[in-house]
Amino acid sequence: MCDKLLPYAWLIPVFPFVSFIMLLAFRHRLQAYSSYIGSALTGLSLVAAIVVWVTGWSVQSVQHTGVWLAFESVELQMGTWITPLNLVMLNIVAFISVCVHIYSHTYMKDERRRSTYFAWLGLFTAAMLGLCLSPNLLQFYMCWELVGLGSFLLIGFHFEEDKAKAAAKKAFIMTRIGDIGLLAGLILLYWQTGSLQFTDIYTVISSGELEAFHVTLISLLIFAGAVGKSGQLPLHTWLPDAMEGPTPVSALIHAATMVAAGVYLVAVLHPLFMASDTALTVVAVTGGVTATVAAVIAIAQTDIKRILAYSTISQLGYMMLALGSAALAAGVFHLMTHAFFKALLFLTAGVVIHHFKTRNIHQMGHAFSELRFTGMTFLIGTLAISGFPLFSGFFSKEAVLSAVWHDERYLLFSLALLTTFLTAFYMFRLFFIVFMGQGKPTSGPKKALSMALRLPIAALSVPAIGAGFLYTPWFSAFGNWITQWQTAQIDPGHEVPWWMMPSAIMCSLAGIMLAWVMYQKLRVPLRELPYLHAFTLRGFYMDELYHYTIKQPLQFMSTTTVYIEKFVVETVMESSSSFVKWVGKYGARLQSGQVQTYGAVGFVGLSILVFILFWTGGYF
Amino acid sequence: MTSVPLNAYLMLALILFCIGLFGALTKRNTVIVLISIELMLNAVNINLVAFSKLGMHPSITGQVFTLFTITVAAAEAAVALAILMALFRNRSTVQIDEMDGMKH
Amino acid sequence: MSWIDQLLQSPPGWSNFLTFMALGSMMLTITLGFVTYAILAERKIMGAMQLRHGPNQVGGRFGLLQTVADILKLLLKEDIRPAHADRALFIIAPILTYVPAFLVIAVLPFTEAFHFADIGIGLLYYIAISGLSTIGIVTAGWASNNKYALMGGMRAAAQMISYEIPLVMSVVGIILFTGSLNLIDIVNAQESLAFIFLQPIAFLIFFIAGTAELNRTPFDLPEAESELVAGYHVEYSGFRFAFFMLSEYVYLFAISALITILFLGGWHDPIPYLELDGPGLGAIWFSLKFIGVVFLFIWVRVSFPRLRADQLMEFGWKVLLPVALANIFVSAVIKEFFF
Amino acid sequence: MNGEVLVFLILASLAVIGGLLMLNLKKVVHMLLSLVLTFLSIAGLFIMLSAEFVAVVQVLIYSGAVTIMMIFGIMLTRHQDEQRVQKNRVRTWVVLIGILVFFYTMYEAITRFVSVEQASELHIENTKQIGMALYAKYVIPFELTSVLLLVALIGAIVLAKREEEEEVKQE
């Protein structure tokens, strides 16, 4: 059965792409039906993804490729590649995309350019699915850039607002910095291995033919791409700004899928990273530091979406930390659970923002009583992300922690523990302020949430609670399944020390308690610590740092070069061009158009030649 | 047999050729330039015919080639006059020094 | 080798020069005599055909001296030259017109014995030299500095160049049958059968084109009185005008003689197998045929109206030339299969 | 001095006089008529060189050619537009010097050229000889020349034809 259905896996990204083309081509005519078309086609691709998953369950690694371009001996391939990792990614992406499509039906109801919005969503989904199916790095890179384009378009969807425009540009440019690294790594990889096919790359790496230096260099360059895309330190600043996009977009792109693409890249090239200790260390340290720093920044934020954005960065740091600790299964597992609960959090946050018509948490409060369903689901998400026992986040975080412990990176381990605490703290800070706070209740008529909003939230709540049971210390089937296709990979297993689970639970409970004490019981505002507060509120002054260290010197350099251009280069150019003009002007006089003059000159020359020839004893 | 030497014919042809050349290079009326070119061709024809009779190997070929020359000259003159007429229609002049549309 | 060939190849000297002069003058006299009475004949025939008398006062009741009187009058008239005419060319033009007319007579064989230059390319010589007259006519038209004259000259040039081509083409058939351009050879080839029977179409074309070359009605556009006053010689008077008249009639003489030679068998008797080729009879046969041709020309002049200028050119290029070309082809086929 | 040398001298001097007149006369028609003299003298020289057919063709072609040139000269020259004084005197002098150099060189070459006189039979049935050569040995050049003439004919008609819209405008 799998032989018959798997070759059609390429249909998965085609459905959303069709939606993109249809909605873009007939965007005025299909305005009213755009959400249905988008949801239906994405649903089709989810069905297809599930079918592929079911049929390809036992598949290790199956490729279906065709030649796309052939230059002499080089052939570029396009096609699909099915591995357990891809299947997980495909299903996550398709599932969340469907949820977001359905959610957007209501959420974007009043939007004038609905069909454009859904078209961009379709483009993004198609690109993301294509990325997950890529059998080689070239197709991967193309989809990667398309994903970036979709992200750019969606962040800047409200391009009439300056902030959205700036955020879109920033996202595009910041990720581009990483992409240059990725491209360089890609070229280097091709140079070294002679192929961009993932399977070929694995073969080369496992054969150990590559020099250690090259492996390290390539993996670091590729990791730069992942850093850009996944918002790791120091290229993370675009992600909080990207919250200017519509909230469903944030849920889809900046929580569950696109930012996970960097993690996926590291995961899919995990054998490469495994071959270099330096690279693994860099990945792990970047992940750990990002996780902690982002968590600290999240504490002070007042914008609900920014808090979630920083928390995303922090959780992505977790994933990187896991991958850097040689735990592919833990990283991917956390990616999966995070996708569910973070998407859930964003979608519910969207409802809240819609309810209060603001994103500032201090202008909210009492939401729990007014938005009971939302409050409940938000609480589920919060508990999941905080690592509350038996929720999905608990298990995945626990897996990450044990992986780091197992990898004997104790400092990073303590950072991770600290982050667990901080995560629980700032998430519950958010929850208490927004849902239990004392803000005045809104006076508007209470509307029941529409089905289109409820359904995706409810659908996401289920895995947010239950997905964790797929991979627990006592049930490691997922880990084996996800890693089995990579021969070089061995699941580190779950030989965790006994104190691991209790300490993690302790940390998260401590965070929850502190938040409860500070924001619910005592209501101590964090503003008491002005410098620290400001420092964290502004995200460690990262943007300012970039402004003064990179933007200003660049500006200075460009101004200088402008003057050089204006006064030095222009002068040289001007004088040389005027010299040429001068030569041309006077040279052109020779060509007067007077045929007789030409003839005369030619003849006189001939007669002189004949004369010379004659007197030197030529032919005569 | 004949008493006029070949050199005499060659000299006459040379003189006529030089006259034709001077006319072609200095006259301003294009009609005259054309007829000067005809004169040059005629000088060449004299040489051909003279060599055909008085050359090292007398042969009819010289006369045959003179006929070819005359034919080609006629074709040339026909096309040249047609061009001249078209030019005159557009520029209303046949002065060769005013026909400098191809310069620069 | 006839005596004239001997004469031509003898070393130069005063006696030879005088002989040539005498011969030339004799021929001139004959042609002038012809012209004198050809004009009279034309007028008389025209008169007869138009039911009137024609000249009948000078020289008896037949007006035999009418033309002589006319010529005398022309010679005595004041020589008028327009003030703005080009002096040199105005004087040269009549001579340029007349000299070729007289030159062509040199190659015409009148009888077996009476002919001057027996050159190999006589026929081509005739056509080439007669073409030179055009230059004289154009020169006359331009030198007169008169728009009618200029238009006449232009028309003459266009017409003569156009009709020269069918003229040459039409005789190619005869050259094919004879295998020579020599006029005596051509006449000898007609001993048994005149070429008019072998080449009737060529005769028609030659006659029509010849009329055009002569600028005679219906092709007299260069001197159309009703359109251009008198065409290229409108400004001429006195004996310069006489030169133009003279050359016109000399050409009539020459072309009639040529037609006689080419198509009517020259001095041979008109009816073959009659054995009427006595020593003196050749001249009589030639004269009879010649007079017939001249009569034909006069008859055509009386009968036909003048053509329009565009009709003239179209007729030359679109009718005569293709027909002449077809005639060449047919002649070649006939020559290939029947001779 | 025998008759042939005399005739040669007369014809040659007529040809040169015609050419020189062409250079010195002012009016186009005068120039062309002086060239008639040259062309006819050249035809005479051809006869002297046993090329009677070529001579007649010369007369035939150039009488027509000169007539046409005269017509064009008259038509295309504005009324008082005689040959004006050469503005470009420098070029005239340069050309003159170049021609003199060329002439001198060639003159030297010709005077050093020694020809060996040989008996030739070109004058016997000259036209027939030409015909034989033309249709046997040189038949391909002959055909090519006819093609060239056809092309020139069509080309000249196309070039001289008035454009359609121009015609309409003029009417």
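We call the chains A, B, C and D, going by the order they appear; numbering starts again at 1 in every chain.
By definition in this document, contacts are C-beta pairs under 8 Å (C-beta built on N, C-alpha and C of every residue); 3 or more make two chains touch, one makes a residue touch a chain.
Note that the coordinates shown come from a computational prediction; the quantities given were computed from them, not determined experimentally.
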| item | value |
| --- | --- |
| Most central chain, Cα average position | B |
| Between B-D and A-B, the pair joined by more C-beta contacts | B-D |
| Separation of mean Cα positions, subunit B and subunit A [Å, integer] | 84 |
| Centre-to-centre distance between subunit D and subunit B (centres being mean Cα positions), rounded to whole Å | 5 |
| Approximate Å spacing (C-alpha centroids) for the pair subunit A, subunit C | 106 |
| Centroid distance [mean C-alpha coordinates] between subunit C and subunit B, Å | 32 |
| Contacts with 2+ other chains: residues of subunit D | 2, 53, 57, 66, 68, 88, 91, 95, 99, 102, 106, 126 |
| Where subunit B touches two or more other chains at once, by residue number | 21, 25-26, 97 |
| Residues of subunit A whose C-beta touches two or more other chains | 596, 600, 603 |
| Chain pairs in mutual contact under the definition given at the outset | A-B, A-D, B-D, C-D |
| Contacting residues of subunit C [partner subunit D, same complex] | 11-12, 86, 88-89, 92, 119-121, 124-125, 127-129, 131-132, 134-135, 138-139, 142-143, 150, 154, 157-158, 160-161, 164, 181 |
| Contacting residues of subunit D [partner subunit A, same complex] | 88, 91, 94-95, 97-99, 101-102, 104-106, 108-109, 112 |
| In the complex with subunit B, residue positions of subunit A that touch it | 588, 591-596, 599-600, 603 |
| Residue numbers on subunit D that touch subunit B, as the complex places them | 2, 4-5, 8, 12, 15-16, 19-20, 22-23, 28, 31-32, 35, 38-39, 42, 45-46, 48-51, 53-54, 57-58, 61-62, 65-66, 68-69, 72-73, 76-77, 83-84, 86-88, 91-92, 95-96, 99, 102-103, 106-107, 110-111, 113, 115-120, 122, 126, 129-130, 132-134, 137-138, 141-142, 145, 148-149, 151-153, 155-160, 162 |
| Interface residues, subunit A side, partner subunit D - complex | 596-597, 600, 603-604, 606-608, 610-611, 614, 620 |
